[in-house]
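In what follows, subunit A forms one complex with subunit B and a second complex with subunit C.
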Partner chain A sequence: MDAFFEYAFLQRAVGAGVCIAVACAVLGVFLLLRKDAMIGHGLSHIAFAGIALGLLIRQWPMAVSLAVAVVAALGIMKLKESAGFHGDTAIAVCSSLGMAVGVILASISGRFDASLLSYLFGDILAIEPAEVVLSALMALAVLVITAVFYHRFMFMTFDREAAQAAGVPVRRLDALMSVATAITVVLGMKIVGILLVAAFLVIPAAAGLQTAVRFKSAVGIAAVVASASVVVGLAAAYLLDWPASGTIVVVSFLIFGILFLFRRRA
Partner chain B sequence: MIARHRWFPFAAAAAVLAAAVFSTARTIGFPLRSEAGRKLKIVATVFPLAEFAREICGERGEVLLLLPAGADVHHWLPRISDVRKLQAADLLISIGKGLEPWLSSLVKGSAARTIPAMEAAEGLDLIPAGGKAEEAEHSHGSVDPHVWLDFGQDMKIVEALTRALSGTAPESAALFSRNAEGVNARLRRLDESYRASLDPFRGRSFFIAGHAAFAYLARRYGLVQISLTGLSPDAETTPRQTAAAISRAKAEGIKTVYFEPSTGDKMARLIAAEIGADVRPLYPGHNLESGQEGGAMTFFQFMERNLENLVHGFTGR
Partner chain C sequence: MVLPDAEAAELIRVEGLHFSRGGRPVLTDVSLSIIEGDFLAILGPNGSGKTTLLKIILGLLKPDQGWVRLFGRPPEDFVERELVGYIPQKATHFDPLFPASVREVVAMALRSGRRRISRPDEDTAVRIALETVDMIEFWNRRIGRLSGGQQQRVFIARAIARNPRILFLDEPTTGVDAENQDRFYDLLGRLNTSGRLTIVLVTHDTGIVNKHVNKVACLNQRLFFHGTHDQFCSSGALKEMIAGGHHLVLHRH
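Up next, the complex of A and B:
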């Protein structure tokens, strides 16, 4: 394990990995309760269209992609609300459209190439120092938003009508949650890759929700499970000589499984 | 309404049949053998083949490159316009040996006729794909397909191309072999300048922070290639592989980390920062980069740039 002290790339993997894992896990608890488990996958497809658009107009692909993902996240929210679909239908509609538009735009721009994918997908073993800082800021932002609006988020997540009647600005808070999710997914995907972001949004939250008795401890357990998955996963990947992302996801699933069995016996 | 629905399938079937008959008649009616005066249509999969074919044909032929600038040869998906390019082709030139996994289905899909084709890697002195990093994509050919990075092999490819072209258009055979001599003379000069510049560094290593595309170059000039991943450009590295590559680069005193421009320099910069080296591009040369359409760089220019960067890595100049 000396390697973790010797190589800066491994230290950055732990740092950025833990930050993004915590941000995703905290958001994930709310997303799972809102039946939006697939939002990570959905937004990643939409981000692809955003990158392709950015490459086509030759302006800031990452910024364009973020803007497109934010608009799409708000669109998914709107679609759920007014069309009366379940969350997964709205996500599926938007992500298919995103993928289709992305394929067309990439082909028109003639940039259907490796650079497109490198804009889209990061690698946890190739993280720049600035990206560690960005991950930390993102985690901080998510934690602050959750802490400030904690009671209102919880109220509207469990009983939307009652919250609305009680004067909670439900739609504005929904929008805030959607925007935070979109930014976390797109930046997280760029820094550590989509495999990890999609898993961090769901597995730790699922572990937290089925273990904890109180909502607050579900959020805490999710964050701890997510962080532990990164640290244990990277160490295991190093020892076993396995790919990092896949190992981290498998470890998070194993922790989920252990908590699941433990809960059943208790 | 019901009546209309009833005859619709028959009308559709008739239309399909008519289209099939028409397209067959077209290929029978207009044989695509070259006749004097018409430009030959050559389709090449990768950039070096297109460059060689272009020079050998001169004014006699028109060479179309399938792979668009910046596209990854392993993952590229053909478009409808590419099927049409193939249908009009007098000769299809590819490397083969698993480099173009999309080609066989493209040929099958567009074949109203058999397209005359040659595989450049056929009959060459190929390097077997070894090591544990091999992935399914390349391993079914089980040789390293990046053969154009050996200029001696390139000369053989030029000869084979000339034979294939002469078979397609025998009346221009003399022109083709005259042009081919010109290309081979340039390849020989390139080879000599590589030899002269790299001979002092025989046995030294160069580090590529990507996939192992430069084995032919390494073999020809007695260098050692260290790469982050194996032959497959998709293989994900493991933390330990990355750590091992970094220690080896340190131990060998690597001063320059190379990257493939098509995949970006991020990994190279990060590794260079760990070992205190600088970063330079090394072009596998199978393709132009995005934004280099319109013949901004020739194959020879890519290879000259590579030589400069390799020498820089050994000397710091």
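Up next, the complex of A and C:
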């Protein structure tokens, strides 16, 4: 425990990790109920192609990746609407393409190195102070968006047609949620890696949804599970000398498993 | 009491509506007027275009030809959405594990309106709506744990919590047992007469016609009857639909 107070890099890792985890968990509850569990996984693969493109053209890889992910998120939304694909099909098609293009671009640019791989697996212990601030701002933005549109998001997730008839601008809010997810995934990927971002979008939310009776409780439980996974996971990684991102995901799964035993019955 | 047509306001007007899907006509030249105080049943077999007609009236679909006026305005310009309540056909087909209490389901519509509502006002509106549909004792129950009939009553509470002037229901008694269907229709009748709520109900169940309805429209791609309940009973519209071999649920009363 002393190490947490002693080492600034651990404090930064906890701070940024908790912020990203909470943002992902809150969005994740809506995404899971919208049957969009794989959107984080898909967008992170597409964002990887954006990073590779940025490295190739030697322009800010993060900014290029963000633009690519936002366009892809809106494209997936459009594809689901107009092509009549099921959610997962559109995501699978785009994510496979994203990864393939990413590998090709990385190879052409000759940047298939450790810096690229850090986006895949993250490097939470090497987080800079500025990245902690970025994570906090991102988490704040997601929480504000969710708080402002909380009831509209819940209404359209529960009964889309009734919400639309009641005047909820469902397509604009779809786009807002897609863009928020894309931004979360890209910023999170830089800090915790593709593996952890996708896991944060699904596992804590799944834990909240299987436990809670009320919607608000599901969001709260997801946020607590995500935060606890970061803190406990980082401590375990430090003590056992395991990779941080992998350990955090395993811990979140273990918490999910414990809550599964105490899940509410249908 | 239903107001005489001459004095009552026209809430909905549909003129010369045509709609096709994949080249197949779904609605052909449908014109309809809905007056304040109506309890209108739109009857028709499965696939007759009833749901499509409702969606076009509500602005969820655009017609190929023709026009709709909702409170005198085209649906795309109609922003006072709190005047309209809608319970879709698939309302009870939600994820049964969705973590929402009955209270949250009613409040989600109240909080999605154009105007902000304070927590005390929200509490009052939710309580009154749930009392009206006789579901107040279930306010903290998860929606997925209720029966189909109870869920439909909660969805009515969700709709009436915003004080609408017209309520659209699409096949609301699918999956509701016979005893609860009667209770459900009695509730609608009460809302129509004492609550002065105009009701438009789409169904293939002719049983509703004898009990509560004061206007009937028969739709099968074209509108081939639209009149009062008495006119419907003396017309051959029902026989015509049955003779056409359409799948309708018939009841003896």
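Methods note: the second predicted complex is superposed on the first by the 247 of 266 C-alpha atoms of A that agree within 3 Å, B and C clash if a C-alpha of one lies under 4 Å from a C-alpha of the other, contacts with A are read in each partner's own complex, and residues count from 1 in each chain.
The rule is short, and it goes like this: a residue touches a chain if its C-beta (ideal position, glycine included) is under 8 Å from a C-beta of that chain, and two chains touch if they have at least 3 such contacts.
Quantities reported herein were computed from a predicted structural model and do not represent experimental measurements.
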{"item": "First (subunit B), second (subunit C), both or neither touched by A:218", "value": "second"}
{"item": "Which of subunit B and subunit C A:107 touches, first, second, both or neither", "value": "first"}
{"item": "Subunit B versus subunit C as contact partner of A:10, first or second or both or neither", "value": "first"}
{"item": "Touched partner set for A:241, first subunit B, second subunit C, both or neither", "value": "first"}
{"item": "Which of subunit B and subunit C A:59 touches, first, second, both or neither", "value": "neither"}
{"item": "Interfacial residue positions of subunit C with respect to subunit A in the complex", "value": "55, 58-60, 79, 81-82, 84-88, 90-91, 94-101, 104-105, 107-114, 142, 144-145, 155, 158-159, 162, 168"}
{"item": "Complex contact set, residues of subunit A against subunit B", "value": "3, 6-10, 13, 107, 110-115, 118, 123, 125-128, 234, 237-238, 241-246"}
{"item": "Sites on subunit B touched by subunit A in the complex", "value": "68-72, 76-77, 79, 236-243, 246, 262-264, 266-267, 269-271, 273-274, 290, 293"}
{"item": "Residues on subunit A engaged by subunit C in the complex (per definition of touch)", "value": "33, 150-152, 154-155, 158-159, 161-168, 208-210, 212-218, 264, 266"}
